[in-house]
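Structures for review follow.
Okay, so chain A shows up in both of these, paired with chain B first and chain C after.
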Partner chain A sequence: MAATPQTLVSSLSSTRYSAGKFWTTRVGTFVLIAAFLYALQLFLTPNLGIYDMRILVNSLLYATLAVSLNLINGITGQFSMGHAAFYLSGAIISGKISSMYYKTAGVPGWLWLPLMVVVGAVGAALIGLLVGIPSLRLRGDYLAVMTMGFGEIARVIVINQDGGKQAFGGLDLGGAYGLQGVPKLTEMYHLLLLLIVAIALSRNLLKTAHGLSFLSVREDELAADATGVHSTRIKVTAFTIGAAIAGMAGALFAHYNRSVSPDDFKMDVSFMLVAMVVIGGTGSITGAVISGVSLKVLEEGLRALPGISATALYGFLIALIVTVLLAKQVFKRIEGPARVTFDKALIVPGLIGLGCALFGAYRLWGADMSVVIKVAFVVIALALNVAMLLPSSFRTALPKFGGAMVVLALAYGVSFGTQALLHKIAPLAAVLDPIKYQAADLRWAIFSLALVIVMLNRPQGIMSHQEFSWDFIKGIFGKKKAIGVAP
Partner chain B sequence: MTAVLSVQNALIRFGGLVAVNDVSFDILKGDIFGLIGPNGAGKTTCFNLITGMYKPTSGEIVFNGKEITGLPPNKIAALGIGRTFQNIRLFSSLTVLENVMVGAHLRHKSSLSSAMIYLPGAIKETEKLQDEAWQLLEFMDLANFAHARSTDLSYGAQRRVEIARAMATQCDLILLDEPAAGMNPQEKNELLNVVLKIRNDFNKTVLLIEHDMRFVMNLCEKILVLDHGEEIARGVPSEIRNNPKVIEAYLGTAV
Partner chain C sequence: MIALGYTMVYGVLRLINFAHGDLYMVGAYLAYYTSMVWFTKDSSHPFTVWLAQHPIVLLLVMLVIAMVGTAALGVTIERLAYRPLRKAPRLSVLITAVGISLFMEYAGRLIVQTSPQPSIVEEINPFAKSTVNFLGIQATTFSLIVMGVVAFLMVTLWFIVTKTPTGRAMRAVSHDFQTASLMGINVDKIIVFTFVLGSALAGAGGMLQATNYGTPLNTFFGVLPGVKAFVAAVLGGIGNIPGAVAGGLIMGVSEYLVVWLGYAGYKDAVAFLLLIIILLVKPSGLFGSVRDKV
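Let's turn to the complex of A and B:
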């Protein structure tokens, strides 16, 4: 029990409703978004290469999917591991209809695409409903296992629907080869619009009393039921809405990619989405967007990194483990006044680390890489700097960051020794020497490592349950404001 | 006067164990009814039967003239039975104000879609529910903690939040499961006044389980004593206090 309970920044709106202000803000927001999307389409799209565009489209798609999964996984607390299946359903249903009827229907593309998005949403929502209904009997791990199985079943069904004798009803969804002949109608700004819509829907939900009933199911289902919340209905609703948004993303993907191959919807898509939601902070929409975009960009960015020999990698890992364990023991033993001085001293390596991040981003800017990745890295480096130099984190987080930098530097130094050691062991060297890893091949290892580090240091995720808002920003700078005080 | 809640021959069996055996009682409107008994007597099981957490093996439960036996908990809550839990079950990462607002879930009039599009109707309703919750917080002396995470509160304050949440459902009958557990004498006195106010000012009927005999005897007008799932005594506090069976159940027989 804390003597003075910490004040939270509630997601409920802090200002009272007034019609004039409400409608001005609303219309203003719509105009601004439309202008922004138009400007983007006019100036950015023609200047981006195919590869840059691909990365941007993928990261927007995954951010949207993460936001929709966050609704199920984060806000309602139902651990779903089969989100790729909803994404696939939206893509395959709308793609199939498009490939069959678009040419003959004579409907203009600007009308056909929204129609297909609705079709994808409805199709995926129905499937979400179908999965959601049995889910009302399952909790926690059981639900996770069931949805995981469902995700695979959906993919395997699509693979087997190749129009052959084995296919159900002779339906041709392209099989393992993939559904072809989908018209290309999606532009990048459509995806951004969908992301904005997905964010707005979940954000609005959290801002109203309805959102509280979703959160209450996450927090304690039994108590929610005793308070009159129809928890099963809430769960099924969450599944349906989450699936519908994923279905829309699928429909846009199908009409961007021109084909729908089951390989793009493997279980690792679901895993990655879960990782995004967890790293972002379960329940935080902001967190889902941030980790959605950055993990997807990171995945692509790894392709540009040089490979690393197995000896160097394992040498570094061994050195890292040894230094971390030693550093923990040493740091733990520094107490009292020495601790204060030590923490102050750690600010210096922290600042050096931040400088290195900025310098790295600067060097990267000149490298031969996709603009999107470069921008993302610069933004991450800047965000890291801002987050660490805030008054609230300067004395707490920066020394920790400095400590991590010291450990990393030490581990790098020690790794020369461990590499030499690995070379000395002849049978091991014979195995390790010929192996060279590409950074992109290690992406799952890197994601898992990121997940482990986040879980150890910040189990609530990057944003915990917080959302980006002006109140949140003010809160970071130490200005707290009472919210929702009754008149 | 007609009974608000009428439990008739309720029986529940978990495998070979009969947790509540043929228990019947009526609670009249405006009663403060105490359910006492030693540990494992079946008191909380009784609560769980009434609120629909368990389905009775046999017997029936009638609330306001309507049979509620075996209905799901949320339906029973909707009909007007609110409860608190023995081991506090708050929505821990929500603020105190938000916890109490969840209690108003049943009274949502705006649709989910209007909330997701963020229409004025949903916003105004949220503000209205927020104001109502705020009044309850002031009544329960919790307004200072309104924006604190509910787990950060003291034990006594958390119990009050639970009562406020149950009150927010605007139930007719409120079930309090050991509301005074973990409270110091001063907090218990305050709680006693709160329960009296709930009955007198809010016209609610109260059914409570409590181990603190002084608290029960001072507060309840009628008491039912359970032991090993069976009724051993019932009556007004003075009768219960001197009932040899009750003394035996609590203290054991002289050797």
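Let's turn to the complex of A and C:
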């Protein structure tokens, strides 16, 4: 149909901005989502054990934090290593008020929690402002050190507020033991809701002209200034919004955990969050969510590892090396030498992902869960891995996936073989057999190794600058030229 | 001491080497195991007796082994983890460094003894007990030795960096490594050399610390010193050798001052507070040049 001026005008007027409609749509969507999540919560609670629920809650929490840090680190390009400080301040401020006034205030829990979330957000945002303003003078690594310093200072100050001599004005935040007596109000769906809000916020920011100015500050601050972007204001805004979201997450955490201990907010937390943002791909919201959830699940899931004997460990390590070398050969055969340089990057993370997925599936299979969730988990895990191993055209995908499976099977075989062999060689077995490794040490060793391997193989992060969209999925399957809408 | 190593690696590579604190830990452990091999309390072997009479020999051997061992480890890390990422975004390298650091802390626990936490027997180092009067100040002999070793290493370092051809190449790489490579400098070689120097310094620092107080060792031994050394390096202007020393001194003095004032709980915060104040006044550190402002 030819676009006459009339149709153009009418189509414009129908989509014209109207404040009333805007807010009804937003509030309506929000309520609908909340209701859906509440239903999900009702469905999941009996099906998940307390332990699995805790893992879920934790991973959601970290995904939210990663998204909020992504706003500062990824989108605005200000390298902050003190995100734990905002998280801590949100938790401690709201937790303190809650533990003091919740019982006497007589406000119902469903109203009190949002109130506390707002309090946490405002408190953290103020602190974000405090950090953001001096940060304007600094760039790059100096800023990183400074924010790291702020994070540490915040924690040390909280540790010292034990109502004793060194506390400011006799303030009692529980000192090193942590703040106790916070009512438990947070449920899993609150966290999911917050995550969605955080994602929506960053996404909407990126889609508008405001977002462009954030990105321009990341790409080139001087050029941004020259083209009329108020880079100072942008940076402070980024810090404040990021801190506010972290503060909300903190408030929810305080009301979930029922106590706030400074030990939960060490420098490691900030590092972990930076790792999540970088591994997800700086600036990619999807990446932040994916890596936030998966890193946390990996970290917590590895807790279930049993203590392992030295023989088994070395058997496994040898198998791992063999597998990687083998995988390279297999994929070279499938693809031919021309494409190796590109897809090589995907092999190792793909295999590790596959291993993790199978391990997770194996673990969940035994857990007390409904069949639907089990099947869904396996399907999602496999789909993720297929996507990971997929080349840009679907034609070579199947042999590749088959190759991955063969390699995996071989790896299992080699692992058992080497173990048996190590047992057979008497002098070696005599040394190795009595040694047992603690699960806690192994857990972190594996975790950090995974971190390094992912980074080595994919320095730009899992998603690099891309976002999840249908075009992206189509791009993977080769139906359309891959356009990662690079923001 | 560790700040020096940090600043070396950072200056050339522009990389915050989080594994540096762990090299410090490895240095301490190497010293411990060396002392265990050569010196057991109840051995009456003539060599042990001789060693007990000449403790300085053993200390020197421990120092050398710690330095060589950490240097080798540092180069290995560089080869395996950092070199493949030479052209990658700097943040990815940083995360890799964090990963390596975590790996060394936890995988290290699988290998070395951590419970009970070992410490180097005091007999190894009689200097830590004896005191001397130096210009009216009471000090242990060992602290003087430490000062001497640090001063010696510092002067050596300064000499290498400013007077030798290799040092000139290092400075060139630090300015701009693409141009440097065009000028016929083997950048990889220089970076390896930097890692050797930096790691050896960390190892020496770890060894000195471990022998000084009979400090109990565990694999997290290097975490806090690592972070503080980094802060000290930034304080003095990153990539700047005298700056790193000055930064280290300022940090140490201010921490003792706070403890002396009765606010021991805030000890760790003060170093950072100082850092923030200095960075606010002079954003590139005390001795940093404007060029460093990335």
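Quick note on the criterion: the second predicted complex is superposed on the first by the 300 of 487 C-alpha atoms of A that agree within 3 Å, B and C clash if a C-alpha of one lies under 4 Å from a C-alpha of the other, contacts with A are read in each partner's own complex, and residues count from 1 in each chain.
The definition used in the following text is that a contact is a pair of C-beta atoms (placed from the backbone, for glycine too) under 8 Å apart; a residue touches a chain by one contact, two chains touch by 3 or more.
Predicted model, so just to flag it, every value in this text is computed and none were measured.
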| item | value |
| --- | --- |
| Chain B versus chain C as contact partner of A:Pro134, first or second or both or neither | second |
| Which of chain B and chain C A:Lys207 touches, first, second, both or neither | first |
| Partner chain(s) touched by A:Phe447 [first = chain B, second = chain C, both, neither] | second |
| Which of chain B and chain C A:Asp225 touches, first, second, both or neither | first |
| Touched partner set for A:Tyr101, first chain B, second chain C, both or neither | neither |
| Touched partner set for A:Val274, first chain B, second chain C, both or neither | second |
| Chain C-facing residues of chain A, complex | 79, 134, 137-142, 144-146, 148-150, 152-153, 156-157, 159-160, 166, 267, 271, 274-275, 278-279, 282, 437-438, 441-445, 447-449, 451-452, 455-456, 459-461 |
| Chain B contact footprint on chain A (complex, rising order) | 1-2, 5-8, 10, 12-13, 16-17, 19, 22, 200-201, 204-205, 207-213, 215-216, 219-220, 222-231, 237, 241, 465, 482-486 |
| Interfacial residue positions of chain B with respect to chain A in the complex | 51, 53, 72-74, 77-78, 82-83, 85, 89-95, 97-98, 101-106, 108, 110, 112, 115-118, 120, 122-127, 129-131, 134-135, 145-149, 152-155, 165-166, 168-169 |
| Partner chain A, residues of chain C touching it in the complex | 14, 16, 81, 84-85, 88-89, 91-96, 98-103, 105-107, 109-110, 227, 230-231, 234, 238, 263, 265-266, 268-269, 272-273, 275-276, 279-280, 283-285, 293-294 |
